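These notes are about the structure you will find just below.
Chain nomenclature is as follows: A, B, C and D, assigned in order of appearance, with residue numbering initiated at 1 for each chain independently.
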Amino acid sequence: MASISTKIGNFSLENPVILASGILDETSGSILRALKSGAGAAVTKSIGMQERKGYPTPVISEIKTGLLNAVGLANPGIDNFVDEYKNFPEKKRTIVSIFGGSVEDFVTLARKVEGAGFDKVELNLSCPHVSGVGSEVGEDLEMVEEIISSIKTKTNLQVWAKLTPNVTDIVALAKASEKADAYVLINTLRAIGVEIYSRKFSLSNVVGGYSGPGIKPVALRAVYDVYKETGKDIVGVGGITTWEDAIEFFLLGARAVQVGTALLYEDYPIYNKISRGIEGYLDSEGFSKLGDIVGVMSGNAALQSH
Amino acid sequence: MQHSRVIDIVKENKDVFTLRFDSNLDASPGQFLMIWSPGGKEIPMSLSSTSNPTTITFRTFGETTKTISLLKTGDRFYYRGPYGNSYPKPTGKVAYIAGGTGLASLNAMLLKYQGDVYVGARTKEDLFLLRDGYKITTDDGSAGNKGTVIDLFLPHANEYDYVFVCGPEQMVKNLIDRVDKKTRAKIYISLERLMKCGIGICDSCSINGIRVCKDGTIFSMDEVLKMSEFGLYKRNEAGKIELFVNGKR
Amino acid sequence: MASISTKIGNFSLENPVILASGILDETSGSILRALKSGAGAAVTKSIGMQERKGYPTPVISEIKTGLLNAVGLANPGIDNFVDEYKNFPEKKRTIVSIFGGSVEDFVTLARKVEGAGFDKVELNLSCPHVSGVGSEVGEDLEMVEEIISSIKTKTNLQVWAKLTPNVTDIVALAKASEKADAYVLINTLRAIGVEIYSRKFSLSNVVGGYSGPGIKPVALRAVYDVYKETGKDIVGVGGITTWEDAIEFFLLGARAVQVGTALLYEDYPIYNKISRGIEGYLDSEGFSKLGDIVGVMSGNAALQSH
Amino acid sequence: MQHSRVIDIVKENKDVFTLRFDSNLDASPGQFLMIWSPGGKEIPMSLSSTSNPTTITFRTFGETTKTISLLKTGDRFYYRGPYGNSYPKPTGKVAYIAGGTGLASLNAMLLKYQGDVYVGARTKEDLFLLRDGYKITTDDGSAGNKGTVIDLFLPHANEYDYVFVCGPEQMVKNLIDRVDKKTRAKIYISLERLMKCGIGICDSCSINGIRVCKDGTIFSMDEVLKMSEFGLYKRNEAGKIELFVNGKR
């Protein structure tokens, strides 16, 4: 049986299928359930400095090609988060997603995350529907650079930078995030949903993030562009619902994938389904390990060794 | 988002309404909708009848329920769903235990499967959807027995094969703390938590990693007993843990 | 029966459903067929200065949520184009799409189009997969401004500016295109497709444009953003496959829509299907004309009068 | 993109090959695939047998057909389709007129419906897929009659109820120019044009607004007679009009 273990920065995972931030990861109980159901790791819902209720419902809208959401970064705030996770048994397999409006916010959050016994953060530089944070920060190249280098200097955390696809040049964003240990590509696309009979927007916030099958071609392009230019470790995310989708991301350079919206279609069994599918593909195509296919379509072999 | 036309709205008591709408929903008793007041909020609401015409029965708490209660015949009624699992099919002797608007959800079962109905409310004016033979308790004794519906029910627990429960979390907690765990009755409980998505992805309704909206809303008593958070605390809209008044962490 | 006639700039259309550029419009015969089949107007395939073969096949790839294409702006060149359309009977209902690499190119093309008896051009400032033209020009705000003002000064053409969604700020693009008579929103999303068994790209050019149902939420967002900020005439395009989709665009501010990829699913009858659907909606919702719903969800009523 | 495994490749003559592949395609005679040489081009190719094992029969013109001809048993064979319409079901007396590789497409019909087969080729070495009784012409007389297949066929046109034609555009043009338009034979012609998409959206195969790939590839003679461009000019990859050698605009 081919090995599907992988490594992102210094983090070794037994399997490369990770729960994406914001889907079924607001509570510690659900994070554990995802890990028990076969996720190789899990990212928490994005945590900020203060408790935030998020937007009023409707915060999600199912469409033919995926999902629109504007949950609005609802989260209990970092202190309540730390409190809830005091005796949490899976800190090493959990990546804490954080968001903030300034370098100081991010550093404070990162320090608290480290203090709580976690060793990895994912920086949400990309939420498309909350002003003053997320992609509004993530589009400011200098600030991104400073956030990441500050966290890297002031903590020992592994840092994953989650980038927004809603830009002209995602490679420039990636380069500004160069000090991160890995890139997470991509967050949702900025989008709108309309209800034609009520003539109201589908989401209370009007603008939301688009996820699910419909965004996969855009996510693949982001992974391809960034891998070719940087050769860095990449976690692919966006529209993965089958193991075949995951393989596409690996071939372009991703070393792991995150799965979010697909939980809506297949629920918790999806982790094992995708993992078993990847194994099956490697076996039948004659590869002994996942690393053998990472980036093979991006012609960047020199950068593939790990 | 789907929509149907309102057939009519019946006022059941001072603040409880039953809205009948014309749909061909394929729903089972115990399931719920996410109903929407356009431009306003989307909220979960159990079906109080799952056959056509389908109905919901609700108390007007806030903005959304008030707006919905003002709909007129022929107006559009927006919703998505049905979501959640449904009550299992009972055999033998059946009891229903309803607290507050919990009777709405149980009513859909009652239309299909007869049984003894235990209803609890604060006062006489809070009662609704009553039919002959219902065993009633009120906190103030203004109708039926004075006391809680659990007090009324517990002595009879062992008489039943199936018991279906829907009501406030503290009422349910009271029941499962006190009922004989070895009772022959199969007890099923419909839980209620803050719901944002209704389809199992936002995690706002989860209790110990179990989603009320998708893994439930209906659980066997054994499942509920395993939820260490149940009856002790719930989560607010930020996902923050909030203790119940008499809960402890 | 409600009226579905509309007006874009000074162009009056009997019905607001237009054939999008690049789909079944390389030959004059097909343009005629679209118009006879019920399209209110038709945009030609984008025409450049020189004959261009486009990319080798595969140039299209069907995916679950739409279509990837990198046809590569194949076109006979403006002179051959003018030649073919000499006796073309539908010049007023045909908008000629042009692309170029410089202001001079665009002006030359526009003049030849005008000389050939057409009165409307659509500027392809947005093709995502050919270098030196399309979106590479379209992302250069100064050049866009100059192209449009030059054409407006030197010809009497109506100018439609077709913008790319692959940018951080489409509103800035729209503002640079302010002198155009209308905006066409959106062109395809930059995307990639992967074949996992051959480990090759789905398109010979690797990167292609993503169209069809999967891009509709992004197109709606672009229409919303641009209409709110500019109130200008907008032609909505991107993922429209049903009349309901078209209504969504109208409600946000589009005065007409273009349909491309949906021809793959429904073929020529789609024009009438969408037109009849729009009529039916207006009737049953109690509107007497299309204009009554244009932009009603974008809260920009002052700008709606025409 | 789908793929199947190659069962085997048979060399029919110096440059024509038949590739058998294992598929459960639901295809009808006359339909075609877009076949793909990974990393190379995608080209249209008729099915020369539509039952399992499915086959294609092709002449090696360029890069792609050469690459495909080098596939080995067990290799993957990539394609999408089937696309296009199919030959109508014939009744009565049937004739087939094949020019060049046109016999490939007609072969799928011949496996289902018998008939007289008229085959034209440049020389003896260009012939393939022959069976007893085929009426053969070659340009140089190296096999069968010397002359064109149309010359051979025309005197017999009125003997047939159905005639199916597939071959070079000039051959077809020759036929439809000369055949008695009042013949009782129902004549169906499979056309061939440059194809990029194969699914009716790129317009590269269109003749007078009719798409060979989607509206065809098979048309009745009446439909072809209405195509003013037919036999006069075709379009190159840029969509530019190019006159046939002896065509005029």
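To be clear about the criterion, a contact is a pair of C-beta atoms (placed from the backbone, for glycine too) under 8 Å apart; a residue touches a chain by one contact, two chains touch by 3 or more.
Bear in mind the structure is a predicted one, so any value in this text is a computation, not a measurement.
Shared contact partners of chain A and chain D are C. Note: centroid distance chain C to chain D, computed from Cα atoms, is 36 Å.
Centroids built from CA atoms put chain C at 34 Å from chain A. Computed from the mean C-alpha positions, the centre of chain B lies at a distance of 51 Å from the centre of chain C.
Chain B and chain D have Cα centroids lying 68 Å from one another.
Counting partner chains per residue, chain C has residues 197, 199-200 touching two or more of them.
For chain B, residues touching at least two other chains: there are none. If you draw each protein chain as a dot and join the dots that touch, you get a simple line with two loose ends. Annotation, chain-chain contacts: A-B, A-C, C-D (touch as defined at the top).
By the touch criterion given at the top, residues 63-66, 68, 139, 166-168, 189-194, 196-197, 199-201, 206-207, 210, 213-218, 220-221, 224, 244, 247-248, 251-252, 281, 285, 293, 296-297 of chain A touch chain C in their complex. Chain contact summary for the complex, chain B toward chain A: residues 1, 3, 34, 36, 38-39, 41-43, 76, 78, 80, 196-197, 199-204, 206-211, 214, 229, 235-241. On chain A, the positions that touch chain B within their shared complex are 23-27, 29-33, 45, 51-54, 56-62, 67, 71, 74-77, 80, 84, 195, 197-200, 202, 204, 261, 263-264, 267.
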